[in-house]
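Got a structure for you, written out below as structure tokens; questions coming shortly.
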Amino acid sequence: MNRENAIAILLLTILVFLFPQLTTDNYILTVGIFIGINSIVAIGLTILMGYAGQISLGQAGFYGIGAYVSAILSLSYGLPVMLSIITAIAVASIAATLLAIPSLRLKGHYLAVATLGFGEIIHIIINEWGPGGPSGFGDIPHFSIFGYTLQSTVEYFYLIWICIILIMIFSLNLLNSMTGKALRAIHDSEIATLTLGINITFLKIKVFVLSAVYASLAGALYAHYVTFLSPSGFSLFYSVLVLMMVVIGGISNIWGGIAGAIIITILPEVLRGFKEFDILMYGLILTLSLLFMRKGIVPMVIDVFRNKFLIKIRKNDA
Amino acid sequence: MTLLLQFLFSGLTTGSVYALVGIGFNIVYNSTSIINLAQGEFVVIGGLMMWFFLEGMQFPFSVSFSLTLLTAAVIGLIMERLTIKPLLKKGDLLLMIMVTIAISILIRGILMFKFGKDPYTYPAFTEGEPINFYGAVITQQTLWVIGITVLCIILLYLFFNKTMTGRAMRACSINIRAARLMGINVSKVVMLSFIISSVIGALGGIAITPISLMEYDKGAMLSVKGFCAAIMGGLGRNRGAVAGGFSIGILEALTAGYIHSGFKDAIALLIMLFILFVKPAGIFGKAEIMKLRKF
Amino acid sequence: MMLEIKDISKSFGGIKALRNVSFSLRKSEIHALIGPNGAGKTTLMNIISGIEKMDKGDIVFNGISIKDFSAYRRAQMGLARTFQNIELFGNLTVLENILIGMYMKSHKGFILSGLNFRGVDEKTKSRGGSLLEYVNLSHRKGEIAKNLPVGEQRLLEIGRALATDPQLLLLDEPAAGLNTRETKNLSELIQKIRNERGVTILIVEHDMELVMGISDMITVLNFGEVIAEDKPLAIQKNPHVISAYLGED
Amino acid sequence: MKGLGKLCLCLLIFLVFTFFTPITSHCKEPYRIGAIFSVTGAASFLGEPEKNTVLMLAEQINKSGGINGHPLEVIIEDSKSDETQAVLAAKKLLEKDKVLAIIGPSTTGESMALVPIMTQAKTPLISAAAGANITQPVKERYWIFKTAQYDTSAVEAIYTYMKKRGIKKVGILTITTGFGDSGRKALTELASKFGISIVADERYGPKDTDMTAQLTKIKAAGAQAVINWSIGPGQVIVTKNWYALKMGIPLFQSHGWGSKKNIELAGKAAEGVIAPLGRLVVWNKLPDKHPQKALLKKYATDYEQRFKAEPSTFGGHAYDAFMIVVEAIKKVGPDKQKIRDYIENKIKKWPGTGGIFNMSPNDHCGLDVSAFEMVIVKNGDWEILK
């Protein structure tokens, strides 16, 4: 990981640990938890789209698999929560592999529709066969580790954001490694990458599975935090929402996933004040943001920062 | 036999709308390579504005009909000029597609604000009893829907093959750079494609509303189904969208009739996935053409 | 034999690009492939490297038929190439371009990469650095590849191909867009690669001076067919070749 | 262009920051009640009238001097028909607005998602959704009440009517949402008790445009009646399809059918459709001495005047929930525990829009089958079936 990212991770860690000290407002912490859950999914999609150049409209499917499998295993089969989460992630990765092998032959819009189809099929399956059907089911066990069960909002806040820190460290390491460079290389020239002995398809499948692992982890955390699941949260709408987070946050930078998740999660909360106008305002803000912040928030902030910084250096030189 | 016929009629009705939405996708796709995910919203605009002019303002049918199409065209025009045109030069497809999603949310917000959340409907185009056909029943409005779809297909075929403008638009779909060098005003073509696709969407909305009602948030579902139809048939090919739309509609009806209605969407999607895995460019799509385009 | 091209044919929508092309390369020779524009040279390069499929024929590399192997498998077996329309990783730095070439020898697996904080290890980096030196690009190390002048981009592509430790190197018009001095340096580099590393080289090139200067053997392609194969001096006198070239100009 | 981009960025950052600024509290001490409804999204058919009802009632109460002199502040949040949003809204109401009780949410799923939160916050929740699990098992639902009738009550009303008419074989058609699904469960569970067999069990999605295939299948299965369980446009489309197919068997709808709008939309197709409805829609056909009549009349006329729309059964659920909370606060003051105890023990023979409530420690709903009347559509109007 390079120095800027190491500093950013350090700052994030400090912020995560300070945040609950600064505010005791459980509502803000709850929003923080949902930002975190969305971030995990968005980080995965950023890597998939921004670095592997593949689009997915099926993240809700993996998110749903993670949530439902983990919830069912721990509730109906009495598996320890940690074990059920790991199993859920394994199931999601198998599903992702099976989907990726035929799908990644597809390009652009075709890939988008194939993943969309997968997500919708998962949605229909949990709607038809999931416990409780469309009405959903509750009383899912809380998250517990080494016999300690997490109850309070603060604990979940820490849990989820520690997960994010670990995920970011892993992802940044990965992107800085040979594998990450190879992914960036594919973007510039797929043919050249192939002739250098890199199995692009295999690499893309791995990244696809990675994004599914993240999404399913987020789903499982969601299930054990809210302790209630119904299919409505796992529809295409969620996939599109995550896509929006990634694009608004900035597809070319992995931190964009978190930035996008913050905006897209907080926006409806802020717009509560607008009552009926909220969906109107929401659409308007999204349109304007996309039109005028084309690169996304994080790359744009970096640009602004760099320009300021570089100008200063030049002045000093003169 | 009667059962099968009845299922087919049901499939044709829903399939017509999917096909129209799919054609709308194709027209915009051909000139810009993007998928206009606000396409379904134009179907809703068609249905709701028609109600507004016909029932709300009490205008005669033909006036309401023309005004509705005009409204849709203007909204399509505004949308293209304000949001797509400034982005087109940079050519960031993903960004443009996300903008169409944002616009669809915006349109939905405006429609909700104006019309509320209730469903709307108006009388069928022609009064009269449903027609009995070998024991299966088909309403007159269903015939209208199918008829309008067929008419659209014929008119579009004539437009794209027999008129100068239409040919220019086709040229753009084959090679946009070459078209530009040939002196075709690409910006105008893009604008026109948005207007045509909006009008087609609105037409679908006008025709289907007496059967299936219309409410402000129906658009998203129609967009998804139309998208699937267009992809299944092969993006950019209108006959593909028609085949895709009708196949999805009929598949849904047959699954509902013979297997189980809870899985009708799932089975239609599974078959679509299967087709894509076997033919990655859709039924009528050409793999060679796909290679030339980035999306 | 390093590489045997056996009876390869390929057509694009009715137009025959290659017709029963056969020739072979000995180990450590510099073999040139020349011919007028549209003769099918680049198509043949693409077929050998596995980017395009052939209609019929066979390719034997080090005694193994590789016709069913995909491009990356061929590269892993020791087949590297450069491209006529430079295919660098434009947004990566010069050093990173070289490092990608070393991917298959030095990457650590997906999960381990995520757990390793150091990124690319020093050993790999210093090997990349010395390769840059080898192709005279160490002064450009940290620059973004697309900002390099064409001549240096060509060198970088060669360096990147060398990073895969190839046994056979395919060079597709490496001198296109180069000035005289750069071409001279290039010919020295090509010979150095053969002499010091023992790499077999198949070169497609229009610059006859370069071709005649370095090649051990030349194959001439015209309208998808081999019309001559001989030593450089003999080729220069071959009437078929002369008429093929005169017909073009 | 660049400048606009920065402006956008600033706007977004500003919006994010407004989120963290605390709400300034009012100088006078109002009583605060929270309300969470699905004002938008798939269940907006429920949330819209509920929101309107609560808005109107709060205005009325404040106009007449509030509760014991204290102004009443109702904070209505939109859950967008989504559990996550409902959880967030509840957290906001509890933490930021410090409400005494929460009314809603509109759907069973959202209500279930709030159960652990409300229990932890020790704040009463009066749900407007129908699912039985919301208040059962009562022991684990100490803080949870609901005002919507059980789905089973509506089903019982239909089946009782069918039994009288000798209908033995039915085909059911349900929407694939929580509403349709809980109806489907109730329909299948209770069928055998009434000697009714379900010969076809069909479903459709909330945005489907044509249900001819399902109806054709039901007819082919030899059903003597169709029961459709849905809300929203689906029930009108089913009615139209049923009419077009000339099925020759009666169509029953759920208690969600109770809106004049549906009759208008379905036109002559609606003639003869039967449904179990709360008394709200037929208040003017009730005898004068009926205990619900006066309040139904006032609610219906007020609502129509205020919103130029007809009140619905679902708005009635919010009415009942709201009035129960208001009465509790009026009697015991702003104390969450006392409010809960009052609702559990003192709401007896309490007339609401949904029926006569009898809450008890064993029943946090307090309504039964007597809440419904069987109503048929005749000449574009409702008519109570005897």
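Order as written gives the chain letters A, B, C and D; numbering starts at 1 within each chain.
Here is the rule we use: a residue touches a chain if its C-beta (ideal position, glycine included) is under 8 Å from a C-beta of that chain, and two chains touch if they have at least 3 such contacts.
Fair warning: this is a prediction, and the values are worked out from it, not measured in the lab.
Removal of chain B from consideration leaves all other chains as one piece through touching. Comparing chain C-alpha centroids with the centroid of the full set of protein C-alpha atoms picks out A as the closest.
Distance between chain B and chain C, defined via averaged C-alpha coordinates, is recorded as 49 Å. Here the spacing of chain A and chain D, counted between their Cα centres, is 35 Å. Work out the mean CA point of chain A and of chain C, and you get 41 Å between them.
Distance between chain A and chain B, defined via averaged C-alpha coordinates, is recorded as 32 Å. Residues of chain A found to touch two or more other chains are 127-128, 276, 279, 294.
Contacts with at least two other chains are made by residues 112, 262, 265 of chain B. Of all residues in chain D, those that touch two or more other chains are 40, 176.
Those chain pairs judged to touch are A-B, A-C, A-D, B-D.
Chain A meets chain B in the complex at residues 49, 55, 102-103, 105-110, 112-114, 116-118, 120-121, 124-125, 127-128, 236-237, 240, 243-244, 247, 251, 276-277, 279-284, 286-287, 290-291, 294. Note for the complex: chain C touches chain A at residues 49-51, 70-76, 80-81, 83, 87-92, 96-97, 99-104, 106-108, 110, 113-117, 119-120, 124, 160-161, 163-164. In the complex of the two chains, the chain D residues touching chain B come out as 40, 44-45, 48, 176, 202-205, 207-210, 212-214, 216-217, 220, 232-233, 236-237, 240, 244-246, 261, 265, 267.
Chain B meets chain D in the complex at residues 3, 6-7, 9-11, 13-14, 17, 112, 116-121, 123, 130, 137, 139, 208, 211-213, 215, 218, 221, 252-254, 256-257, 260-262, 265.
Note for the complex: chain B touches chain A at residues 29, 35, 83, 86-87, 90, 92-95, 98-99, 101-110, 112-113, 220, 224, 227-228, 231, 235, 262-263, 265-266, 269-270, 272-273, 276-277, 280-282, 290, 293-295.
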